[in-house]
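I've put the structures underneath this note.
Common to both upcoming complexes is chain A, partnered first by chain B, then by chain C.
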Partner chain A sequence: MTHPTPFGLHRRSLLKTSAALGAASLLPGLPGLAAAQGGAKKFAGVTLNVSTFSATYPKLLQQWLPEFEALTGAKVNFDAPSFPVYNQRVDLELSTRGSAYDVVNVTFIYSSRWINSGWLTPLDDYIRNPNLTSADWDLNDFLPGARAPETGKDGKLYGIPWTAEALLTASSRFDLLEKAGLAFPDTTDDLVKVLRAVHKKERVAGFVADNHYGWTFVPYLHAFGGDVFRKAPDDLFPTLDTPEAIAAGEYYANLLREFGPDGAITYQPDQVTQALKLGRVNFTDAGQLHLAQLGDPATSKTLKTVRFGQVPKGPAGRFPGTAVHGLGIPAGSKNKEAAWAFIQWALSKQTTRKAVAAGYGSPARRSDIDSAEFRQKQVINGSDLAKLSLDAIELASKTGHMKYRTVSVYPQIDQQLNKAIELIASGQLSAKQAFQQAQANSIAELKRAGQKL
Partner chain B sequence: MASVLLAPGWRAEQRRAFLLGLSPSLAVLLVITLVPAAALLVASFTPLSLTDPAATFRFDDPLVNYRQLLQDNRFLGSIAVQFKLSASSVALQLLVGLGLALLLNGKSRVLEGARTLFLIPMVLPPIVVALIWKIMYTPDVSPVHRALEHLGSPVRSLIANPETALWAISLADTWQWFPFTMLMVLASLQMIPDDPLEAARLEGANRWQLFRYIVFPYIRPVLVVCGLFRLIDSFKAFPLIYVLTNGGPGNVTEVTNYYGFIQAFNFSYWGYASAIATVMLVGVFVLSWLVGKLGWSDHEQR
Partner chain C sequence: MNSASRTLGAADLAGAHEEGAGLAGLDSAPRQGPPWWRVHGRSLTVVLLVLLVLSPFLWLVQLAFKPAADIFGDSLLFVPTLEGFASLLQGNFLKSFGNSLLVSTLSTGFSLLIGVPAAYALTRWEFKGRDRIALWILVTRMAPPIAFTIPFFLAYQYLGLQDTVIGLAIVYLTFNLAIVIWLMQTFFEAVPASLEEAAWIDGCGVWQAFWRVALPLTAPGLAATAVMCFIFSWNDFFYALILTRTNAITAPVAIVNFLQYEGWEWTKIAASGTLVMFPVIVFTVLVRKYLVRGLMAGGVKD
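After this line comes the complex of A and B, so read on.
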């Protein structure tokens, strides 16, 4: 039920009108949508189906949907299941060229497969069209390193990044290190030394990591001089049975086995974040998106003791993991123009700035990253999380070590790495046996995928 | 068929009525059951992969998936895991269900209340059951782990330990499904006539003898049916494995169904996954036939 206002308007109509006027004034860079101010809405009657995995930025967009709906007249169904469920669902939908979704998240590990299979719509024509995109929307403001994984072999752009994040290291109880007279570990040897000194001090376990080891372990694999493939993306012969890979596997599984909390190999990302926020575990390697939550004064008990750093340097150097996710339009979408309007709104300077103001910790626009507001929010207990992340992304773009991640067959290898680390950490196989098995299984999987090795 | 429909007489009339009455249901059954199953079988003879639509209907080497399955250690291992999980969970469900049915077989409000209470796990959605057990098995948040730790007898995480992970899943599955056996056996127990029991009591039979020689032969067919239903269902174990262990640690809880899921949904090898599903389908048919034959033949002889 709506209540008439003193001016004869209904409250809901008034709210909608105000939202439209407010949104239109906030978003001058959406050509064709400004007509909303005159009452005509460009996409009235259109229902857009948007799907991403559940994460901070999509959650903010869900809150702000009425703004887009009031501006355009479109109705938006926004669905955000968990990461694995989302990927399986959209992988299937895209492969059938279905029209169930109009906007999807272009997931990092699937981007090459989805883009190069022709399952997504190139966005270049929309971006270049002044009737659909205004000049001040500014594509070049998005980090070049974040646009690269969203670009196809044809050089066209298929997704607009909403996050560019790095895998960093955190110590939730850095005070325990200080008490022991130790500094933040810089190398893989330092990390073990530190963990030996602080593990189980004040009932705090030393180390835990998200059990997606195809993401958390690989920086160590690189640090020990190993790699996933012989030379991605051109030579995809797996290299998981090399002495370097075996040494890295032994090292990493031992971190979990010797210094992990009970059940360490079952920890998922949110569990890791909670354990760190409550100070039950000291060290982890996690994405900046998760680590930024340790700076939340409302929920983090370790806000005053946390410290962040780069992933440790090994004998071969430092190789931080990076990840990018973007919004794209499926090839089968029947509402592509409206879908583009949604992406434009969702990733406009105004919206991303608002997200940063709301505490979003992993923007992909340079202007947001450089803004004083963002930088200030990202300094948590003296550690500049944004700087660490930018340094990591820059380093990754120089070394090119993340090329393994977006090849179409990586999901197969990713799972072999998960299994191998679990097998070693749970004591079922030695590092050598586990990685030899991972190598043999990976070759079999790649042959099944029709990969010429 | 045509002769049946056209033949004169009362019996022919009956047959016509049956055929005409059944044909709509048979047609629906054909469309919703047999057609997808046939599609699965056809797909299993192709290298179907969603990333390569050109391979969708290629039949140049129709047995390639089945040949690969025979050499796939992970698949063969998953069958062994499946047998362990099915055998342990079905046996536990029958034992617990039977035991509780015998205890709760009576007429009182307390027993009726207890019976209703024990039915709760069975009506919960599988994903909710999986989440309940995820909490129970996660030392960080588990009330059981905390209580045991408080009592000075801490227990290591059951789902992270390769020795216990499968049994932990079996236990959770039993918790959800023992009420099915309990309910069926209770219904059967309440149909046992009093006369033979009274006569046996007068002859001096003790409780065990009453159960062994009178009650058990009555409920045995029901137990066979319960076992068969649960056996078939145990091959569909998925949410518990997905939420609790993801098939790990390593592959110790990776059942065939879960392995097929990974091949289809993580890697897009739909032809290969269809071959796995087809092998499972045949396996379930054979097992069901064996169990059914075993149970019913004895029953008929009796």
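After this line comes the complex of A and C, so read on.
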């Protein structure tokens, strides 16, 4: 039973009205959505099915859904399984052009496949339409480097980024370097010198990396002057048997072989994070969201000794990896306008700012990254993770070296790179043999995928 | 006792006494007998083998009771906590667990309901194409699950069966039916047909003969088959991954969902992994006396 308020309204109605008014005041720029506009909720009766993988930002959105529902009248089913589960499901769903989802996460590694297959809806018309998008929503506030992987060959935008993450280098026991009189390594040569000096000091192994080498090794491949393809995305002939690629493979596998802990080639991302948090391993290259966990006072034993930097530069320069995920609308969605309203709300300045205030650590809006609130939270033991990450993303945007990652056939090459590094690090093949094998296998895989080389 | 035996006994006693006298001075010498490793070696080997087999389970269970901060710690000593299990109560895991129970029970029940009479018919009745039918049923077990995924996915989209417990139970029925039919055929073959023929003479119909004679005699086989079906349904990950989203998610998929993007939720994974083992263990223990008999049935031909 609900009790009437002094004004004759029921408590629940009052709460709903307050939420709508509150949301409307929070989001003044969502045209056609506010309850104040004629009192009608534009998407009343619409049920939106949203699916992303489970991560901090989607979890925050799930908490704040009543705000969107009160504002628009739409009901939202928000599904957020784990990353591998999400990718399997949505890849299958999109490939059948089904209408089960109205908003999906445009996963970085699948963006090219999903966009170029026509499985997603171009968002440009929605963004340009003043009746659907407010002027202050400000698309240009999203980092250009984060928008690039969400853009198709046709130049149209298919996803709005909610996370822009960079691959950075971390030292969990920087105190060991300081004792040895060494600085944070800036080059690939520096890194080896440092690792030789600190490996096994105080029983701390020198280096480990997530065994997804198609992600962690590629900055080194680029740094040595090599590349994955001849010129992605136009010329996808693999270039894994070049002298530069072989030298990079030899160098990187040696980091794992000579300075890695026992079983270094089996480490998953979370194991790498835990090893660094416990101070069992000193150096790694990992995504910003994983590295930020070294600053957690509750679980990190290396909070006071950690230091971060860019991935090392090699003879050819510095090429940090970046990862971007965005929200998009499947081609089969039957509620596209409501879906766009959801994306607009989920990635409005108001919502992203609220997320940053709640501790979200990887925003894609420049205004968030530049905000004092975000910067303050991102400084861990003197290292400004936000600045490092922003620099890395901007560098990647300028050089365009991340284009290899969003071509539809990269997953096949990715597997070959993983295998090649494992074969070298475990001593089964020389770098030359492993990379020649990777090259031959890659060509075969690409031909099998129907790629014209 | 006769005198001879008494004499013999006396002589023996005398001899024993002499031997005893002779050994009296060697009280401190070790007793003769088989070495300890012969006595206890076999037991020790069994214990070690059991520990080896159980080690992954034991490791999982101890992780489930570890505080999150100690999961990757060096020490094997820790203060046990229920925080992993408590965190499962706050999320949707129990719903997924319930879905798994429901789907597995439904699928097992329906499989037996349809499969047992089918197996009986294929065993007892001669008709054209009987062997081929049995072979075609087995195809559902021969082909990899991925082969059926797309047809099921598209059909379920059309029928609205996606993300439903009933939908998933129907999918599991397809591979469980093959198990039921092929296993139960073996068990029915082991029952002499003359028993059912005798029942017919006594006035039973075909259905009554099946229900009152053949089925009770194959009860151990039925139990073994039910366990198999339940385990296969309980353990399925692939179909549940593709055909469920939020409402009908089963426990194996829910566990994988603890592999979060920013890091894995180890305590939840360990606690849920521990919980997931129990229904199958309990079910198997309940029917274990039938299980061994069932699996042995038909092993020796008379």
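Just so it is clear, the second predicted complex is superposed on the first by the 430 of 453 C-alpha atoms of A that agree within 3 Å, B and C clash if a C-alpha of one lies under 4 Å from a C-alpha of the other, contacts with A are read in each partner's own complex, and residues count from 1 in each chain.
Please note the rule applied: contacts are C-beta pairs under 8 Å (C-beta built on N, C-alpha and C of every residue); 3 or more make two chains touch, one makes a residue touch a chain.
These numbers were taken from a predicted model, which means no experiment stands behind them.
When the two structures are aligned on the shared chain, A:273 is found in touch with chain C, with no touch to chain B.
Applying the stated contact rule after C-alpha superposition, one finds that A:96 touches each of chain B and chain C. By the touch criterion defined above, A:79 reaches chain C but does not reach chain B. By the document's definition of touching, of the two partners only chain B reaches A:427; chain C does not. In the superposed model, A:198 lies in contact with neither chain B nor chain C.
Of the two partner chains placed by superposition, chain B and chain C are both touched by A:88.
By the document's definition of touching, neither partner reaches A:417: not chain B, not chain C. Shared contact residues on chain A (touching chain B in one structure, chain C in the other): 88, 92, 96, 275. In the complex of the two chains, the chain A residues touching chain B come out as 88, 91-92, 95-96, 113, 117, 211, 261-266, 271, 275, 280, 408, 411-412, 415, 418-419, 422-423, 425-429, 441, 444-445, 448-450. Here chain B touches chain A in the complex through residues 47, 49-53, 55, 68, 72, 74, 137-140, 145, 156-157, 159-162, 245-246, 248-252, 262, 265-269, 272, going by the rule given at the top.
Of all residues in chain C, those touching chain A in their complex are 68-69, 71-73, 149-150, 153-154, 157, 162, 241-242, 245-246, 249, 253, 256-264.
Every residue of chain A that touches chain C in the complex is listed here, in rising order: 51, 53-56, 77, 79, 81-85, 88-89, 92, 96, 98, 100, 268-270, 273-275, 277-278, 289-290, 293, 298-299.
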